[in-house]
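What follows are several structures.
Next come two complexes built around subunit A: one with subunit B, the other with subunit C.
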Partner chain A sequence: MTRLTTRARQLWLCYRLQLKILLVSPFEGFLGVVFPLMFATATLLVYRVEGDPRAMAYAGLGAAVMGVWTSVTVAASSLLNRERWAGTLELLVAAPTPFLMVLVPITTAMATVGLVSVVVTLVWNRLVFGVRLDVASWPLLVLGVLAATVTIAMFGFLLSVVAVRYRTAWALGASLEYPGWLLCGFVVPVSLLPLVVRPLSWALAPTWAVEAMRSAASGGSPWGELAVCLALGAAYAALAAYLGRRLIESARRHATLALT
Partner chain B sequence: MVARDLRRSFRTTQGRLRRTRSEVEAVRGVSFEIAPGETFGLLGPNGAGKTTTIKMLITLLLPTSGSASVLGMDVVADVRAVRRRIGYVFGGDRGLYDRLSGLDNLRYFAELYGVEPREQQRRIGALLELVGMTGREHERVEGYSRGMRQRLHIARGLLHDPDVVFLDEPSIGIDPVGARELRATIASLKEQGTTVLLTTHYMFEADELCDRIAVIRSGEIVAEGTPEQLKRGVASGRVLEVETYGVPAGVVETLGDLGPVHSVAVEERGQLQVLVLQCDADSEVTQDVLSRLGDVRVGRVSAREPTLEDAYVQLVTQ
Partner chain C sequence: MSSARVFFVGGLLSFRAQFNWLSPWILVPSLMVSPVAQILLFAYVGRAAGVGDDRFFLVGNALNYAAIPCTFAMTFAISGERWAQTLGLVLVTPARRLPLFLGRALPVIVTGWAVAVFGLGVGSLLLGVRLEVAVWPSLLLAVAVTSVSCTSLGLLMGAACLRIRDGATLGNVVFLVLLVFCGTNVALADLPAWMAAVGEWLPLTHGIEAARSVAAGAPLGDVAGPLVRELLTGLAYGVAGLATLGWMERDSRRRATLERM
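Take a look at the complex of A and B:
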């Protein structure tokens, strides 16, 4: 086996097992699927007052990604602390596999749950609220959804690395949840936000992913937004990789891996 | 495996508004050598520095100063290479994915240790057999008893067939039958030629398993040798055990002043306090001890040969 195939196999198996961990947890299931449905319901109930099908479609798409944002950011920010509480963090670090190769399957598994929530939310929107998505290009829309999921996962990856030194890391994810909804333009256009906060929106990959999805649905070209979105996702991943290496060095120096 | 003057200190902070920083030296110049295939015990009370020493050797902690090498590889510079060749097992309930089956836990860590797929299947089967868990591997870990978890830990630590295994209090909290099985597993590692560094609180465990033992106290090694050497060297004499009811601390202190008495330890056993006195071999101190106890109610008084535990207690209470 070449090194590449060994690594690919390792990533795949670790991803499958991490997904298994998430899927057998009632809490994760609730957070990943039921929560987004509740948020989508609240959003669509507000938008329904206007009786505008286009506004409902706009909100419906945003509400679907909103669920991924919630489930991935909240869960990812406490990802490493969860490993620490389980006593597995030290074992993961002590393994010869680079720590980042350990983290990628965990974050990807979370993103998969998020992806399921997008589909479930879209179906929910259709069945309960009658939101009809007139999509000009389904492949491009799917690409947009995938870009949103992957980049939110990368953002979660970054958060998990940044927050691991803090025992209340979960609070960071929770505090990002609602501002993220607004900043990423899930249910309110970014153009309505004050000028001063718009750079924050532009720095968040999901903002571009949702724009790409809306462009794909309306028949526009989403490629520009997709490119920015993926570039930002790659930047998150690179930053997380760099910080991850620093984190391990720092943890070895300051003995912070096993803080429980 | 060689440790040379290993030191590790930690900075701690106290207070919220007025934060005061202090430095705690957890390991203070620990040195030892472990030969290939040897089972070496590191004994010491809680907080003595055993786990910190192990964590430096398995590359999870950087030493503040000093050096250490495992299989000739430096634990600071050759991190990845050291990790490939060592296994680490610690005691307690944690360190496993509860929602996965025992088999999935092993597969996960086998992947992280780069065990080839074909080898993985054979190795996992053999290890499940070794730790007596064949047939239970498909059950979720959350349903395992503590002993089963511990045995799964051992299997996890051996997945990649390491040359050196670090066992940090592996038998903690396990029932006597489980502990006996665990000792048998560790003994089989020794038979296979694996080098083992074992920390434990259980003296009989160390006595049974270890070729050599180092006793660590307050971050320093205070004695090193075979179990027999430690028993002979430290507690050369006999042990007097006196059962008492409600003995005051002040009285216990006065017993230590008796000439032939090297040390006094108190073991609480319910309402009883058993005074364990390490004495000179030919001394007769029973009458002196009883007179110093005065009005304290005394139960059984007995004398016996010292055990490794006596040696240990004397070393860590000196």
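Take a look at the complex of A and C:
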């Protein structure tokens, strides 16, 4: 087996195993779908008061992606702590497979749960609120959703590494949920936010993915937004890889890997 | 005297145990950042949709977030003992059940109240909503009544957790129900009739209604009706919680399932 196929097999097996674990978890599977779905419902109930179908479609499209953000940020921030409490963190770090190659498929599996949420939310919006999406280009829209999924997975990768020293990291992840929904412009145009926080929005890859999705839906060209989105996702991955190596070395040196 | 000690000291110890004995840091993201972020999220949704005003979303979401500490902390005050394998020890003591469990509720009520007041204060500053000094005493009272009723719901959930295992999932589902059905972001009059009818029987609904009125300058006497309804709703959930707790305790003893994970 070549090195490439060995790596691909490891990534696939790790992804499949983690996806199975997540999908049967009431907290990360069931709630990962239901929590953003109910927030999308609350949001659409607000938009429904005015009853503007264009505004409903605008909010409905963005609300569908909220689930990807939720599935990844909440679970990824406590990813390493979960392994630590399960007693498997040392085994993963000591294994010949690079540790970062273990984290990427896990956060990708989390983002896949978010993809389920996208589909469920779109169907829910159509059936319950009658939100009809008039999409000019479905392939480009799907590309936008996939770009959002991949880059949010990379953001989760970065988050999981950064939060390793924070004992109650799950709370940190949960507290990122609403700010992310707001800053990424899922249900509120970024142009409505105060000027001082807009740079934060621009630094978040999902902001560009949602813009790309809206461009694809309205018949515009989403390629520029997609390029920025993917570049930011690559930057998250590179930063996470760098920090991950440094933090693991530090944890080994100070014997704090298993510190609970 | 013994019951008073169980109520105050036992309640405080149980509350402190929820923070893993070490650090209150967990309070910052969960009980300070998230409530303000939820207020801002829906205030901006309201602005984008051209619905309501900032004060409407500020009051609704600040009170809605009080439900998080009230329901979760009350649930975990009971189910946490089960996970720590100390529930059997707690229930085998001769201490009276009423002060034992209500003592656990008191710090939870104070926390829920503080979280909502923090959300109101910081949210009003960030959104530029002016809440006159004169409205604060009535507003604080409305928040306190709402915290009591939400904690009563938490008591019922805690009792249910003697039978079901996943208190965190249950807590989130209940929070979502309160978010959508209680008029947090959409006035009951604008909700579908069946949703408004459900909301009438939930804690939070009348508390939010009263708080919105006093925040807009209504005198306390004008909101006596909603506040009393909120209190009665809380009382009903509290009685149901204590009754369920007693039933679940007896049932768990009979089936030897008290500490089954």
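Convention: the second predicted complex is superposed on the first by the 260 of 260 C-alpha atoms of A that agree within 3 Å, B and C clash if a C-alpha of one lies under 4 Å from a C-alpha of the other, contacts with A are read in each partner's own complex, and residues count from 1 in each chain.
As a working rule, a contact is a pair of C-beta atoms (placed from the backbone, for glycine too) under 8 Å apart; a residue touches a chain by one contact, two chains touch by 3 or more.
What you are looking at is a predicted structure, and each value in this text was computed from that prediction instead of being measured.
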Note to self: With both complexes overlaid on chain A, does A:102 touch subunit B (first), subunit C (second), both or neither?
What the structure shows: first
Check: So, does A:91 touch the first partner subunit B, the second partner subunit C, both, or neither?
Finding: first
Checklist line | Touching partner for A:188 - first (subunit B), second (subunit C), both, neither | finding: second
Note to self: Quick check on the superposed pair: does A:14 touch subunit B, subunit C, both, or neither? Answer first, second, both or neither.
What the structure shows: first
Check: Which of the two partners, first being subunit B and second being subunit C, lies in contact with A:43: first, second, both, or neither?
Finding: second
Margin query: Taking the superposition on A as described, I'd like to know which of subunit B and subunit C A:221 touches: first, second, both or neither.
Written below: neither
Next item on the list: Have a look at where A:252 lands relative to subunit B and subunit C in the superposition and call it first, second, both or neither.
Entry: first
Next item on the list: Check whether A:6 is in contact with subunit B, with subunit C, with both or with neither, and answer first, second, both or neither.
Entry: first
Notebook entry, point to check: Which partner reaches more residues of subunit A, subunit B or subunit C?
Noted result: C
Notebook entry, point to check: Between subunit B (first) and subunit C (second), which does A:24 come into contact with in this model arrangement: first, second, both, or neither?
Noted result: first
Margin query: Need the overlap of the two footprints on subunit A, from subunit B and from subunit C, as residue ranges.
Written below: none
Notebook entry, point to check: For subunit B, which residues are in contact with subunit A within the complex?
Noted result: 10-11, 52, 55, 58-62, 80, 83-84, 88, 90, 92-100, 104, 107-109, 111-114, 116-117, 140, 156
Notebook entry, point to check: What does subunit C use to touch subunit A in their complex?
Noted result: 20, 22-23, 25-26, 29-30, 33-34, 37-38, 40-42, 44-52, 166, 168-169, 172-173, 176, 179-180, 184-186, 190-191
Next item on the list: Spell out the residues on subunit A that touch subunit B in their complex, using ranges where they run on.
Entry: 1, 6, 9-10, 13-14, 17, 20-21, 24-25, 86-88, 90-97, 102, 252-255, 257
Next item on the list: Going by the contact rule at the top, pick out the subunit A residues touching subunit C in the complex.
Entry: 26-27, 30-31, 34-35, 38-39, 41-43, 45-50, 55, 59, 167-168, 171-172, 174-175, 177-179, 181-182, 187-189, 192-193
